[in-house]
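Two complexes are shown next, each including chain A; its partner changes from chain B in the first to chain C in the second.
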Partner chain A sequence: MSNVEQTTGSAIKAEIRAYIEENFLYMHPGLEVSDEDNLLALGVMDSLSFVELVEEVQERYGISVQDVEITEENFGSIGALTRYIEGKKA
Partner chain B sequence: MNARTLDDDLRRSAAQHADRTAVVYGDRRLTYAELDRAVDGFAAGLRQLGVRRGDRVAVVLPNCVETAIAIYGALRAGAAFTPLNATAKEEKLAYLLEHSGSAVAVADARNSHTVQNAAIRAPELQHVVGVGGQIGDTPSLEELCETPPDPPGAYPQTMDVDLASIIYTSGSTGVPKGVAFLHRNMTFVSDSIIEYLGLRGDDRILCVLPLSHTYGLYHLIMAMRVGATLVLERGVTFPGRVVQALVDEKITVLPGVPTVWQVLINLEGLADRELPHLRLLTNAGAALSVARVQAVRKVFNNAVLFSMYGQTECKRVCYLPPDQLDVRPDSVGIPIPGTEVWIENEHGERVGPGEVGELIIRGDHVMQGYWKDAEATAKKLKPGRWPGDRVLRSGDLFRQDEEGYLYFVGRSDDIIKSRGEKVAPKEVEEVLYLYEGVREAAVVGVDDELLGQAIVAHVSAEEGVELDPKLLRRHCAERLEDFMVPGKVVIHDDLPKTDNGKLDKLALAAMRDRPAVGAR
Partner chain C sequence: MCGIAGIVRPDGARPVEEVALRRMARAIRHRGPDGFGLALGRSAGFVSSRLAIFDIAGGWQPMRSEAGGTLIVYNGEVFNHPELRAELARDGIATETTSDTEVVLKLLERDGLAALDRLNGQFAFAWWEPEPRRLTLVRDRFGIHPLHWSLLADGTIVFGSEAKALFASGEVRAEPDLGGIDDVFTTWAPRAPRTAFRGVQQLPPGRLLVWEGGRIVTERTWWRPDYSPRTEPAGELEPLMRSSVELRLRADVPVGTYLSGGLDSSLTTALAKEASDHQLRTFSVAFKDPHFDERPHQLEVARKLGTDHHVVDVGPAEIANAFGDVVWHAESPLIRTAPVPLYLLAKETREQGITVVATGEGADELFWGYDLFKEVVARQAALADPESAVEVFSELYPYFEATGAARGPAWARFFLEAGPADDPLFSHQTRVAATAAVKAFYAPDVAQLTAAEDRLGALRDSLPPEFGSWSALEKAAYLEVTTLLGPYLLGPQSDRVAMAHGVEARYPFLDHRVFEHSVRLDPSRKLQGTDDKIAVRELARKVLPEGIAGRTKQPYRAPQAAPFFDGGAPEWVDELLSPAMLRATGLFDETKVAGLVRRCRAGRATGYREGMALVGVLSTQLWHERFCGPHADVFPPEEGEPQVFIKQGIDQALERV
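And then the complex of A and B:
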């Protein structure tokens, strides 16, 4: 079993959070982001950061993100993205 | 009915196609009759707030159906509209509201904090109208739309020589300039573009580009003029929505900038979709590379692609007829119908084929001038052949081939084009200099596949100061519109200089992300 397959839901969530904090959240000191907060509405991410995020998700989890899947429902928050990745890997 | 003003377009389309969908955003859909009624109410509401003929109404909204109501409501009330970027920060917004002398601003209620703070510094601004909620004491747009309409002829008729819009664009000095257009200029250029694109009333246009920028805005104006359906999205942040809209709304026309195409052509599965309705793609804002053109045509193989070039001061300059795309893929084509262009050398003499010079533009699409800036206007517009005739100096370098096709050679200023938007390095540098400990700052554009040009800031620190690139980016993000924030900040001990002691931007641009020797 590869490491990728062993990654659990909470581990995925922690990885996604770490990635977003490292790359985008530093621009917003003091901002608390909960798992279900909308990253676009909060201004944490813009259209280009989502392009980076989609690439990151494809590479890190070895999944293929389809065109119509890149929506707010799937990528809009840390929680949504975790559920989406889990669903794709299942 | 003769549609002399922009509002005449909406009235005519509402009379002819009352039940046709005019504008869509998400779940909000308005038919032409519904849009016309909302505009009637909003115009009457604006009049009650004191808006009069020739006043300016600032529209500070992201793409939504209310943007259309605000723009056409302002026009119906006899005012001109000033579309402003909804991500503009307080400082910049205050300047734009004050400079345009706007009497009313229409803004998203969720943005009320920024807009109200900016409004304090705009003495002529009387009211801020909220969308999705009230701002201060002024009724919301939704409430104003319920105002009983004024009877026809209740106030002076708007004419085609009245001011229709002031559209702000970045200038190389770092201070935005307000480009003033009459109704006549805007209906003329709309007709010219409608003609060469062959836009029709049964078209369904998907506009992901901001309506605060001319490229996006004219899709609203042209849709109203031909009675087409305009579907709005906000960029390609979630391209899944864009793809879904292409399918569900049976989109026929898709305008884009290189960043939009770059996102779309890399989507998994899009090339396999049929999209049988999509017939027309347009690109402007920045040129698409020949390789990218091929990739776009491969993904959207039922549609023809128009490459176009323009600038805010005349909206559109030229377009490449699609049948020329394989013949001269790097050309930006021929002047739009009803206009002429030529190329001049530094002595103001016309040059022959193959020679490089400044592109000069003549036609009724050319702006009236820069708002409250006679000096800049005099530099940009020069006398033409007849009394009152004026021609536009593009400031861009071009050449023409033997058959008259145009080729963009370069800009004569240092403006960066990123995500299809103009960015003045000086505007970003001035924000960097506000940061304590910054000694030198130089902002350059670096070629980037996704952005066209990426914005890179090179900075040196004052003696004994340690600068953190992340904090500098954050400082910029707090003060600049999203598209102006440097993607990368490089810290140096010293910035390279030219022989006469100026910061050497060419060297910095060539350096890309490898800092100079000695840089940290």
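And then the complex of A and C:
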């Protein structure tokens, strides 16, 4: 992985974390979420939050998310989502 | 149309005080600004505040029948009273007034409670039979008019059109009922008999109860929406709707209409225009924000029909400034600001000299116009073939947008994963899921207490035995009529905000004959694919241009969080949402609410759920402050001479002692 790509990846992760914190984590004061924590299992996200999150991802990164791609493997955690976006942009 | 209230004790141990009745009259004066009347016996007292519509001079209440000796306080209208009066006359029963109140009283004396089936109208009343000391409370079929009651420890029953009359009696304290509040954040309003107040019950639509000797001796349903198969043909909608509108134009004062610009109110207005013998006046809410505004459609209908049209222009400041009063009239937390513009519309209507309006309410429930019905069809289809419904989902609930962006693929998934298909509440799973967002803001102990009650389980248990045999759309219609139309749309969004200004709303689609027609109608005449209210549109095409008759529904709604956070928001918003006030009320988590408020201030809480949460929290704080807090409203007694004051024969058994 080149330096440029590494920078992009961590920037995406920081942006995704900031978005999750701003929009959803305020409802969970004191909750620490690591990059690989499952957002559904923690109750941070639900199916309607995913509507908003998927919209945000499509708009911000200019990618098209397919229905079959909305899985926990791709959207379940901050880390998973970062890898998914990187993969789509690659 | 009026406000009613009363106190009846099981025996003569404690008298009912006149001053308590006068306070109750004052608490509901807005419902009947034309004057008040009293009836006071030793341990029974009744009060009526009156909005005079039929027999302006002779229709004062409480009204007692000299022949039968029974007494009534009555809120509402029985539209077919002239026909019923003629029938009484044929039976040799004379009437002294031309009011519907007297007709109802004499029918009750002749037929007992079997008389209810004969009444075509909207009403809530208390009927007092002094000899057995029996009180009967009755509420109309759909719950158009409210009726609250409380049974005290000593067997005293206190009742009133609105809960505030009970508090004004001095006999009932206003305290929050967590279950009633949790109902608001489940299906938008407390589900009768529950209210947001502990110990205060509301009589469910179509129910009656009988109090005798300090106990409720009978409580039964006399009408409810029933979708069981009919053998009779549906007949035609047109003559029924024309008859329903004609009946609802009956009044000794001029009748206007509310015109939203949509199909139902346009049709109501067109039929009213044809049946009206005076220049019809129409009233509309317009929004300064074009996102919500339907003004061009309203003006088009008004121009086409040649009505004398009035517009109330509503912006964020008007919504924020009137919100506190609307919550006071609604007597419940709210999750939407939508009742506010209708409150302002009623104010303007009254100022224009109109006290009765016909509206299009009810058509979407009877003829399956809401997106909810299309959602049910699409979700059922999707169970077999998920791909088949994705396009339909993308058209549903335009107001549900999270950010204003186009819907993505996760949108369809929300519907597909909303809940099991064999759940009786299948049709309402998505609404319940979305509305529950407000519950996430509960304080921890409130969350624990409310979660301990199975609210949806109680709703399932309340369903009638035949429910399981109805079609998915009939089930959806039953739930829509009983959980949303009655408790919310006809309550906080109609009766409460109209009666706040002494304006009576009438609903031609909610004539029980129109309901019966809608049930008999073949389902394909209601909803087919995405074509909705087919029979209604066919009728509309006869009296309105195609552009209006074929118009797609634009759901009525108003700006949610934004009005409370722009520069001109009232000071009480900050105060009520402050950590100190949230702690004092004790219902919401102050840290979570602070996060929500921060997002609202930054203009980021634009989503459907956060808007609902903000309105839910703020209205609950307001509601608590006005009713339950240390500075809750107090009700001084009504001064002056009552129009009627009956002092004899109220409590015959006790008066003889």
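The criterion applied here is as follows: the second predicted complex is superposed on the first by the 83 of 90 C-alpha atoms of A that agree within 3 Å, B and C clash if a C-alpha of one lies under 4 Å from a C-alpha of the other, contacts with A are read in each partner's own complex, and residues count from 1 in each chain.
Following the convention adopted for this analysis, contacts are C-beta pairs under 8 Å (C-beta built on N, C-alpha and C of every residue); 3 or more make two chains touch, one makes a residue touch a chain.
Just so it is clear, the model here is predicted, and its values are computed rather than measured.
> Will chain C clash with chain B on chain A after the two structures are superposed, or do they fit?
Clash: chain B and chain C overlap once superposed on chain A.
> Thinking of the overlay built on chain A, is A:8 touched by chain B (first), by chain C (second), by both, or by neither?
After superposing on A, A:8 lies clear of both chain B and chain C.
> In the superposed arrangement, does A:74 touch chain B (first), chain C (second), both or neither?
first
> Just chain B (first), just chain C (second), both, or neither: which does A:65 touch?
A:65 sits against chain B and chain C alike.
> Report for A:56: first if it touches chain B alone, second if chain C alone, otherwise both or neither.
It touches chain C, and chain B stays clear.
> Touch test for A:27: chain B only (first), chain C only (second), both, or neither?
Both chain B and chain C are touched by A:27.
> Looking at A:47, would you say it contacts chain B, chain C, both, or neither? Reply first, second, both or neither.
both
> Superposition on A: which chain B stretch among 23-31, 41-49, 113-121 or 167-175 collides with chain C?
Only one listed stretch clashes with chain C, namely 167-175.
> Common interface residues of chain A with chain B and chain C?
26-27, 29, 46-48, 50-51, 65-67, 69-70
> Quick check: in the complex, which residue numbers of chain B touch chain A?
Spelled out, the residues of chain B in touch with chain A are 235-241, 243-244, 263, 267-270, 273, 419, 450-451, 470, 473-474, 477, 482.
> Considering only the defined contacts, which chain A positions touch chain B in the complex?
For chain A paired with chain B, touching residues are 26-29, 40, 46-48, 50-51, 64-72, 74-76.
> Help me check something: in the complex, which residues belonging to chain A touch chain C?
Against chain C, chain A makes touches at 22-23, 26-27, 29, 46-48, 50-56, 58-59, 65-67, 69-70.
> Show which residues of chain C lie in contact with chain A when the two form their complex.
Of all residues in chain C, those touching chain A are 390, 402-403, 405-414, 417-418, 433-434, 437, 440-441, 591-592, 595-596, 598-599, 604, 607, 609.
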